[in-house]
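Sharing a structure here in structure tokens format.
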Amino acid sequence: MELSITNPIVLAAVTVGGSGLVCGALLAIASKFFAVKEDPRIEKAQDLLPGANCGGCGFAGCADYAKAVVVENAEINLCTPGGNAVLKSLAKLLNKDATAANRKVALVACNGSDEHAQRKFLYNGIADCFAAHATGGGDKKCPYGCLGYGSCARVCPTGAIEITDGRLAIVHPELCISCGACVKTCPRHLITLIPETATIHVLCSSKDKGPVVKKYCKVGCIGCTLCTKQVENKEISMDGTLATVDYTKPFDGSKAIEKCPMNTIVERRMTSAREELGQLELAE
Amino acid sequence: MTTKATYTVPGGIHPKYHKELARDRELETPTMPVLLKVSMSQHLGAPAQPTVAKGNTVLRGQRIGEPAGFISAAVHAPTSGIVKAVNTAPTATGAVAASIDIEPDGEDKVDPGLQGNANWQQTNPEDLISAVADCGIAGMGGAGFPTHVKLSPPPGKTIDTLIVNGAECEPYLTADYRLMLEQPERIVEGISIIQHILGVKTVRIAIEDNKPEAIKEMERAASKLHGDIKIVELNTEYPQGAEKQQIYAVTGQEVPSGGLPMDIGALVENVGTAAAIRDAVIDGKPLTERVTTITGVPLQRPSNVVARIGTPISHLVEFCGGVNNSACKLICGGPMMGFAIASEELATTKTTSGILFLAKSQVTAFSSTPCISCGRCVEGCPMRLVPSELSQFIEAEDYEAAEAMNLLDCIECGCCAFQCPATRPLVQHMRRGKAEAMLRRKREQAEKK
Amino acid sequence: MDNKTNGPQQYVVSSSPHAHSGDTVRKIMLTVIIAMLPALAASLYFFGLNALRLVLMCCSTCILTEAISRKIMGREAAVDDFSAVVTGMLLAFNLPPTIPSWMAVVGSAFAIIIVKQVFGGLGYNPFNPALAARVMLLIACTGSMTTWTMPGGSFMSVNAATTATPLGMWKEAWSSTATAPAGFFEQYPIMDLFLGNQPGCIGEVSALALLIGGLYLIWKRCIYWQVPVFYIGTVALLAGILYAIDPETNLRPDYHILTGGLMLGAFFMATDMVTSPITKKGMAVFGIGCGLLTMIIRKWSGGYPEGVSFAILFMNALVPLINNVTKPRTFGHLKAKK
């Protein structure tokens, strides 16, 4: 067998190899000419971010946020899943101060599980709070209570919301990244983002008067105002017939909890859970 | 004078009608309850504003709720008595609206200020429309659209065909049937008033062919009318009584998507509404009572009653001898489009055409099992939609895709879910999708501004 | 929907409608099973113990694998909708009488696990499970799947002499000697084919029994007439045209209709709700497509004398497309007038 150019094997090798070389050269030239000048720090910042694309920072994803912190001078403390580690490394990269953000977590302002709050009928239909709320006004007797069909849990990107056996949504603060998806979803507007440092909560959203609340819920706020008298600087005030906590200032609410006749006011520490989880991760 | 309908709705279903339960029960007037609960949201559109306060004395027919906006209707006291409370109460849909509790004084004194107009043929249409508005008439077929709005087409739109809806295609209900049988003159006088208001010559009275007696009675009474009058005998098929489908069955014309019947020159009024218009114009009587069928297998004595608006359902149930404990579902309206309600405390409204109890054995529970693509919902849909695919898009929360498949044309008649062998809650899916689509439209409009 | 709750008896509240036709998936499947009984009787009559063996093997394997796979996949362990029984019976109907039991078991497991449950269970499977399993067996175990015997003998001892199916005989003769098989029409009088006295899969031989079942399904509104009518009609039309062109080389149309799996396919397989279109127009298109492909395979394919399974499976794949194209015009969406 002769190795001339007419040999089909050689011909094929030469053609394919040759066209590959030519195309490669063209690409190399094109990349030089059409190169977009981009701040190299964007790519570095993106590498530092966790890459979960949760949207908790308010941007479309990690790449978008990376661009925003470098180009648009966005706050560097917005990445909740990344926590302090990401904050510090971003600060180092961009020569900024690492001031931790006031972290927020979601809170479901209702404690009326089936054990405590009554239902007025047997709902039969789509297991979705929006749909249930629109059918006969929702099956919970309390028009403000958590329906427990889990729409918030389904939209939560980190699975931080659990629907208990008593058909009540509860947030696991250590998993919450405060993206706000549940807040938008809840048809009864029961979920709010509160500072992580808050410890005292009124777990009720009912605007009904006391006697009405008492009829359908054992743990609802009846508007007795006792709690407001147990705090010094109006940290708990009345919004109509509903006790409301002022989350801007930390305070001692132990007396209020003690006095609340319905056990509507509870103490729940949001930070400790996250710290425990953080230590666990570090240990690993 | 009677003709068979040339067209039948696309799709449609043949449920078991169970009309025999109450069909032969003559209209009765129950006793006055101890408390009437008059909702301010008895019609489509903005709820009325209460104009009385606790402790006020009211007379029958006295206005107690002012219409709030263009699409709204006035509400009147159903009897004389004392206002016990002005509070809120849930409506049949579960929404909460203002409500006035009236304790009847037993005398049933009529407001002396109410004036009838026996001379209506010489009165100009505008005054008659305002008489209808003053009496708070709203469509009595079920949706409760304020009648005076329907009777005032905007300039440029003319109505050439009046269709009087006596189809009563909902199973169980016999309220319109009894009305046509016992008081056809009231309906016919109402029709001629509408003819006078709109200057309409062509009148079609649409009745399903499972009500031959009603057709006979209406034919006899309608001989007094002038113009091109015909009774149209519709095939018995649900939903022949739905507005758009009925117009098609009678005229062969389709109301354009997103449009109104007046776009093709048609107006549909329920027989009960026609009778109420007659009372409002000739007697000056506001709408304070209506025929309601109260029926169902678990009910002791199914009946057709002329009950005051605001009568608690529990009172009517008592009048009908009570229900046995097989009752599993309580429905305000008919079984196809009515609203299931939680409690007998709810009171009747202008749109309560029926109250229905279903026994446990009659209720098929919905379950969200997968669609098996049998195509029965497509066959049954009177709007020629594809409910199976629509519901799957909505389940996946892809509302835009559902909207592109004409989700918003759905009339929620329930044919699809009635047919579905997988017992999927199709209508609930449609409602959810429609609500989401409307929200999205609102958001987009707000963004544009 | 038990009245569990707090307090006295509570009403059920759901979205409208509150009435239902009463036809559930379970009821439909039961009706299909009833409709298959005449064909089952015919198969027992013609193939005796072998038919009984295959039906029992397939049904029990289908029910068992359905229950197990649902449990493993964490789905509700609901086998009470009878769809597994339908699949098992259909697959058994599609097997030749002498096939070893283990093949029937493997086919049944394949139908339920791979074709049905892996895709998500009843409602999500794009292909008819029984058909896909038959085709799998046909390709994997060609020998056993194409060994045919004449019906007959007593119930206990069946005819062991192998023969070819009418369609196979016809095709074989034409491809090897280019002449019609000798004594073909004498060997298979048309009445024998109609009643089922012919070699073939156990459930496909008796056109009469299948017709009774099919008409029962149409009467019970479990299937729409569009699919079988357009399917068989297309086959008849094409066979008729071919026969008119050249009656020597082409089999008579009545033979095309009464032999092979056409009747079984048209009434019981192509009409499978999950894997057929949802609009009536779509069903017509689907039927025509199945007929066209069946005839193309029967007439022009190299190795396969029979094309019903391949035709239906291929059309199954086109169902989403057909649904899309045959979407009805929504009421009130009129074409703009010019």
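A, B and C are the chain letters, set down in written order, and residue numbers restart from 1 in every chain.
We take it that contacts are C-beta pairs under 8 Å (C-beta built on N, C-alpha and C of every residue); 3 or more make two chains touch, one makes a residue touch a chain.
Computed from a predicted model, the values in this text were never measured in an experiment.
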Touch-based graph of the chains, sorted into line, ring, star, complete or other: complete
Central chain (distance from its CA mean to the mean of all protein CA atoms): B
Maximum inter-chain contact count - chain pair: B-C
Approximate Å spacing (C-alpha centroids) for the pair chain A, chain C: 51
Whole-Å gap separating chain A and chain B, where each centre is the average of the chain's CA atoms: 45
Centre distance in Å when chain B and chain C are each reduced to the mean of their C-alpha atoms: 48
Multi-chain contact sites of chain C, meaning residues that touch two or more partners: 1, 10-15
Shared-contact residues (touching 2 or more other chains) in chain B: 339-343, 365-366, 425, 428, 431
Touching two or more other chains - residues of chain A: 120-121, 124-125, 131, 135-136, 139
Chain A residues within the chain C interface of the complex: 114, 118-125, 131, 135-136, 139
Chain A-touching residues of chain C, taken from the complex the two chains share: 1, 3, 5-7, 10-15
Residues of chain B defined as touching chain A within the complex: 90, 93-96, 339-343, 365-366, 368, 425, 428-429, 431-432, 435
Contact footprint of chain B on chain A as seen in their complex: 120-121, 124-128, 130-131, 134-139, 143
Residues on chain B engaged by chain C in the complex (per definition of touch): 10, 13, 15-16, 171, 244-245, 248, 254-259, 325, 327-331, 335-343, 356, 358, 362-366, 369-376, 378-379, 382-386, 388-389, 405-406, 409, 412-414, 417-423, 425, 427-428, 431
